[in-house]
Amino acid sequence: MSGEGIKENCGVFGVWNHPDAARLVYLGLYALQHRGEESAGIVSTDGEKLFIHKGLGLVSDVFKTDEDLKPLVGRAAIGHVRYSTTGSTLLKNAQPLLFDYSHGKVAIGHNGNITNAKRLRDELEAYGAIFQTTTDSEIIIHLMAKPSYRNRLEGLTQALERVEGAYTLVLLTESEMIGVRDPLGFRPLVLGRVGKSHVLASETCALDLIEAEFVREIEPGEVVVINDKGIESRYPFGRSQEGPQAFCLFEHIYFSRPDSRVFGKTVLIVRERLGEELAREHPVEADVVIPIPDSGNSAALGFSRVSGIPVQDGVIRNHYVGRTFIQPSQLVRDLKVKIKLNPVREVLEGRRVVVVDDSIVRGTTCKQRIQSLRKAGAKEIHMRVSCPPHKNPCYYGIDFPDRAQLLAANKNLDEIRKFLDADSIGYLSIEGALRAAGHPPSKYCTACWTGKYPTTIREGVDKFSMEILRTL
Amino acid sequence: MSGEGIKENCGVFGVWNHPDAARLVYLGLYALQHRGEESAGIVSTDGEKLFIHKGLGLVSDVFKTDEDLKPLVGRAAIGHVRYSTTGSTLLKNAQPLLFDYSHGKVAIGHNGNITNAKRLRDELEAYGAIFQTTTDSEIIIHLMAKPSYRNRLEGLTQALERVEGAYTLVLLTESEMIGVRDPLGFRPLVLGRVGKSHVLASETCALDLIEAEFVREIEPGEVVVINDKGIESRYPFGRSQEGPQAFCLFEHIYFSRPDSRVFGKTVLIVRERLGEELAREHPVEADVVIPIPDSGNSAALGFSRVSGIPVQDGVIRNHYVGRTFIQPSQLVRDLKVKIKLNPVREVLEGRRVVVVDDSIVRGTTCKQRIQSLRKAGAKEIHMRVSCPPHKNPCYYGIDFPDRAQLLAANKNLDEIRKFLDADSIGYLSIEGALRAAGHPPSKYCTACWTGKYPTTIREGVDKFSMEILRTL
Amino acid sequence: MSGEGIKENCGVFGVWNHPDAARLVYLGLYALQHRGEESAGIVSTDGEKLFIHKGLGLVSDVFKTDEDLKPLVGRAAIGHVRYSTTGSTLLKNAQPLLFDYSHGKVAIGHNGNITNAKRLRDELEAYGAIFQTTTDSEIIIHLMAKPSYRNRLEGLTQALERVEGAYTLVLLTESEMIGVRDPLGFRPLVLGRVGKSHVLASETCALDLIEAEFVREIEPGEVVVINDKGIESRYPFGRSQEGPQAFCLFEHIYFSRPDSRVFGKTVLIVRERLGEELAREHPVEADVVIPIPDSGNSAALGFSRVSGIPVQDGVIRNHYVGRTFIQPSQLVRDLKVKIKLNPVREVLEGRRVVVVDDSIVRGTTCKQRIQSLRKAGAKEIHMRVSCPPHKNPCYYGIDFPDRAQLLAANKNLDEIRKFLDADSIGYLSIEGALRAAGHPPSKYCTACWTGKYPTTIREGVDKFSMEILRTL
Amino acid sequence: MSGEGIKENCGVFGVWNHPDAARLVYLGLYALQHRGEESAGIVSTDGEKLFIHKGLGLVSDVFKTDEDLKPLVGRAAIGHVRYSTTGSTLLKNAQPLLFDYSHGKVAIGHNGNITNAKRLRDELEAYGAIFQTTTDSEIIIHLMAKPSYRNRLEGLTQALERVEGAYTLVLLTESEMIGVRDPLGFRPLVLGRVGKSHVLASETCALDLIEAEFVREIEPGEVVVINDKGIESRYPFGRSQEGPQAFCLFEHIYFSRPDSRVFGKTVLIVRERLGEELAREHPVEADVVIPIPDSGNSAALGFSRVSGIPVQDGVIRNHYVGRTFIQPSQLVRDLKVKIKLNPVREVLEGRRVVVVDDSIVRGTTCKQRIQSLRKAGAKEIHMRVSCPPHKNPCYYGIDFPDRAQLLAANKNLDEIRKFLDADSIGYLSIEGALRAAGHPPSKYCTACWTGKYPTTIREGVDKFSMEILRTL
């Protein structure tokens, strides 16, 4: 699936009360780079002013030398990495965004997607608001800035009442850092501690890098306020851990780093279990299990463990891919697929191969890959996918293609197998996926497979809204 | 005076109805580069969307290759060059600014300074406005966006009623380009035409470059609306060319390019006349007149013409200065002054020299220059300044230093002479300056010399306001 | 071992008779990037002139856009990637080098190390030669340029008679492409074909990317001349495949890409066998086998297969490492180790862990890694190294540290175990390594383990020579 | 003439015995930037090693930050700025060049052109020499490296015996700095002193910037050796100041900075005198004298002084030209001419104008300029050129176009006038030029006007040689 360009929206990170706050945030973003490769930014505060540096590209592109970190003085900072539709003009959408309003200054970093964005924006504009970005975050700040609110926190909680969808936020003002997770908890957010400093991070792998200890997850619906007096939590939507939630299973399957604990489970272990469930659901006679690296590695190990078929690295990843690449027009067929992964003839030749991938979205990359495996001599190819078939768009921050382009939304299983030219195909069942994930089914969002969205999606309005925002 | 860092705010340029609009704007900005070296930007429209590219640095830094212009499609575009306090984080203040509000999208480029900015900003924030830049322009758009206005033009004219100070604006929407000059006409703005295209420009030198013909100046208080139906003017403040105006004389003395017509006069000719007046007011026995290049060149020719003393290029300008320069700490005394202008010993040695400069602000550069002329052998040095003494800050867009740093605000003529170590000194009188400028005295702002500000300046409030905005 | 900075000298690639030769070389270098990250270059010819583009950095840094490839016209081209001591001034050492001499122009790319370089250089200088680089390649061209040789080929073969050590060369003139492998065949070089074009490459993975078929290896001691008449081989040193050779086993263990066939064996399969041998030689009771990615992956699979202990990805590699990174002084201990690989607590906690790494050189990185595994909860740590202990420097192109810094040169096995703080340690035996490699032992260089160098090394002279060259 | 791309070869600068030698060289090159805009470089020595940094572009492009100067340690350094045929691959020709040979290391910077370069190169190649650049300097070092010479200095003086043409050299070894001026003294070279440091510079303006005092010119045929024992001169060609020399008059007319003393005369004063002679030789009835800036400025003042016709700045130079510029295809006619210089209508309209330019080479730029002056309203245009007509190529370092493109080589005076569409034209006579220059006529090279070359030029051989070298 890698190579099909599924993109998550963002990663967030924040540090309160550390003499080298911005530098820690830089490291945190480095560890969260996989959550957003298109822009990066940090806002810091010295208690009086806010300082910002952001730009398009990887963390290492935006922060090249010490000079880029130097202006970010102060003992608190937040940072953000982001995917976005490309285009040099979209620097304005890079986060964190920094605003000045009646209650002072505020910076915001956002992971997720607000499903009633268009409606809120129209309403705000009708009241005289002007917009300079096309991000959801600007809407939240406008809602916060209503003159009737007595302070920032009241503004924030009132704003949250208005927005629908998925949002994990970190905010920074001159005097506090705030973490927010939406009531259904779509996206992860964890609290850490290093010495006397508090840390907020999308994933625990970022805590590991700065040697912060993991304290706990921010709960769905929790607003955590960190300032010099300490740390305090609010639950503007009430606090019921018992009710249904909407953890995004795709965080486990694909997005999060395997070494992170997400929704209370280590990603790598969940992936191994996905592979194990897959082997139980779709057994096959074969000579070798090969993973599609890197996201399929753990599932392949799980599949091998249960099936007893040995694993070999039958396709090798080029570690330099991702850097600039001059497109050589028509010289080499399917170069984009080939330059990323090269099949190993000696592993494949004359053998019955189980290919374990984490997902199939459009199917075009998968089809090319199967072709290249056949060309390298594979006798039989059995596709095993450690995830159920994708049939519906995600409105909560994952940029799946339109339904028209989703392979499983338009073909039945046998048609898929024929399209891919596989000898057999097996998708993990939704039940299998949920079993591997570990929490009760009511805790997860399965909308992309089932079409059952955990929040009201006003079709025809809000889908339109996303497109508008996307192309603005 | 060059070398003392006096800075104007900006230059603006716009083209309506040309297949290559953005490219013409690029050329126009190239010609207006002297009005702002710190950022540059262009917004274009294809009638449906607005496209933007801007960045920090010179026009040639921001627009490096055709690739930078390509996204700026459409038959209309506006552009802006700007001075601003430096800092990589201030990209957000680069103009044009681009906004989305209830009446659609609007881009704005601004030259000047709004003197009640802080007050308006506080008021807007109290009503829930959020700010992302520290520019005046954002205030204007907020004022325009009030929900009660029926359309953009009503919004704009209502907004103009609220703002005080100096503002020359170009605005671009999907369907029109608008030029605005404040009622007192502090800063220049001209209308040109090339084929069937309308052009707005800060100075005529930008029309020359794109081979547009000069049509007329935009009048003080005029709002000119250019769209596919043609060109139409409004006068929200009434239209009286008879009343007092406030043309900035410093445009003639220093800012504008000598080949531009500004306020109806060719700058170069005004400068020659300033030199002639100066020679009449402050005659001296001497062997040679030397200009401080390049801004003193024409005044020196005028001085020579009236005095009969021959001109020679006694100091030579290094044309590469302005580019990056590694500061060599303590190696060479006064390197900054020296690297820009080198005295020519053979011209100076043993001679009585009249030095013609366009202005003295702090006096430190002038003092160093006189020292270097003495060191190169000059026997007598007679400073002649083609401008009256600066004693007051400008609130209308010129970044003079504070009164405490203005040489003439704190010393009498003889003290100045002693401070500079000149053998004699002569400043042009205000009357002389006005005579050279050509229009009746009531047409000009002379506040920096006289302290008589043509608009109400609420001291203690609005000065504070500027500082706030500057350091925000 | 990755992280200890062992560096190979180079990778080479060449294409003859293709309309898009330079572009294919670009792709070839992209596939060979792992053989040299510090400079890259291409020389092409149109039959009359030679064209060059090279620079410091990755292939993607040096060739950023089509514009960089455009000047490289013609139907033949060679390219080179290189490791070198860093320093912006060392661009002059980037290859290919391009020379003009009595027989015309010649470009050269070199992989390996000439052990009598200093002596040859002194001799050449004594005859009036001047040197502009500190590379071996310049010496070869000087030797070729002796006026007595009748043509380039005679010059080349005569030059090869003088040089000692390891050298794989590709040369390009206006009329031919030449590939050379030294008589002992230290470094790999293969011949491929795509349509009517001949290809030379350090590894087969570069053939795969451009869809060239593998024809055969260039033999040790072979000089293959490719021109418009076809392809012809010479054997200036005679042709005996039977005699001893000196294939570098470290190509299999570490340097070459796992998907390449090197010295007739698929690297990945050799690595699996190294792991299998290792498991047989050093069995252990444990719960989990974890590889040090990526070079330890295949050996870990082999170890697991023989031992029956399951593999898990207990340390996770950050794929963004390698890019620019701002060093955060003292903030985080062992950041360099940690940012590259993060241990996964849930895999390690309370478990007896077999760690499979491909080699230990200095030992410092390994020691830190073991610490971090313990900190993540590992109960027992059993180091298993799929390579014998390194005790001697390599003079043939691998930049091992001095003997004083080689862990195994200065400590016995138990001291090593203590130094690393491992619960047990097992290195693969030389016999085991040779068994896994597959050819008879007489075919391999084992000098870095045994100290038996396959060519005469004049200690005290030639070691000094390398240092001289290194610091010149 | 500016705009017609006449290019000098280079500027050189060197400092011996200063704690901040490289930084002073950086400043010196900054002051000499006008002598070469295409590459810049510095080599320094700490007495043991030589350090180099060079690159393509302006001094400010190659030396961007302190980091670029830091590696250039030591108390001695030389630098070079250069014009060259463009092309990213020609970095190898950037100077200084750095060589290693039997007598140690040597760096060389060269201004001028060796007329028997091709012959020497062929000869050297026949003896086994290999070449890596296409510069003359490499030939000199090859000649120096002959094994029979006992030391560097003997090598250098023997090498100089073989080379013909124009060469001003600075060389640096670990133990000395050497300055060389060819026996006819085509190009300038001066000696300066700052504290206890010796300085070599192409022009005195570079001494001024670093506050070094001017000591004397290096004499034609002098080899000055500066080391820790002091400064010593040699005259390998004998020392006769009385004989004929070949100072390049074009240094005064165009190349050198007006504030430099060159060949014992201040350039600015010579230019004024050229204008005075011109006014005497070609008087005209007119209203205004306008210079083509900046090189025509002083001649225009001289013309005005003698003729009594007032000077005005009728064309204004855009100071930002020279920076990157996106070529706007066909939008604006003659944009290249126009963007550089803009005519001022009010100065020109209805007036009889004397245009003073320093030279006319191809005539195309001049023709376009006259057109634009007419378009701006000039009634009559009288071209006055402060230099005789160019009819012959220069083989001594000035890159004039081929004879076929030299306007005056192919047209008589009246044809030139018609071609340019001037109302009258007057070139300064050779006698007039020599009178203004000040030394006896036997001291100057006038080959570009008279065709009498001061050294033997083997036509058909050496012209070919230059072309070969140029296109290599």
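First chain written, first letter: the chains are A, B, C and D, and each begins at residue 1.
By our rule, a residue touches a chain if its C-beta (ideal position, glycine included) is under 8 Å from a C-beta of that chain, and two chains touch if they have at least 3 such contacts.
Quick caveat: nothing in here was measured; it's all calculated off a predicted structure.
Listing every chain that touches subunit A and subunit B alike gives an empty result. Under the contact definition, subunit B and subunit D share no contacting chain.
Centroids of subunit A and subunit D (each the mean of its C-alpha atoms) stand 61 Å apart. Separating the CA-averaged centres of subunit C and subunit D is a span of 48 Å.
Inter-chain centre distance (subunit A to subunit C, centres taken as mean C-alpha positions): 37 Å. Touching two or more other chains at once are residues 68 of subunit A.
This structure has the following touching chain pairs: A-B, A-C, B-D, C-D. Residues 20, 23-24, 26-27, 30-31, 33-34, 58-61, 63-66, 68-69, 205, 208-211, 257-259, 261, 266, 268-269, 272, 294, 297-298, 301, 305, 310-313, 315-316, 318-320, 322-326, 328, 331-333, 335, 338-339, 342-347 of subunit D are the ones that touch subunit B when the two sit in their complex. Subunit A makes touch with subunit B in their complex at residues 51-53, 68, 71, 87-89, 91-92, 97-102, 125-134, 138, 141-142, 145-147, 472.
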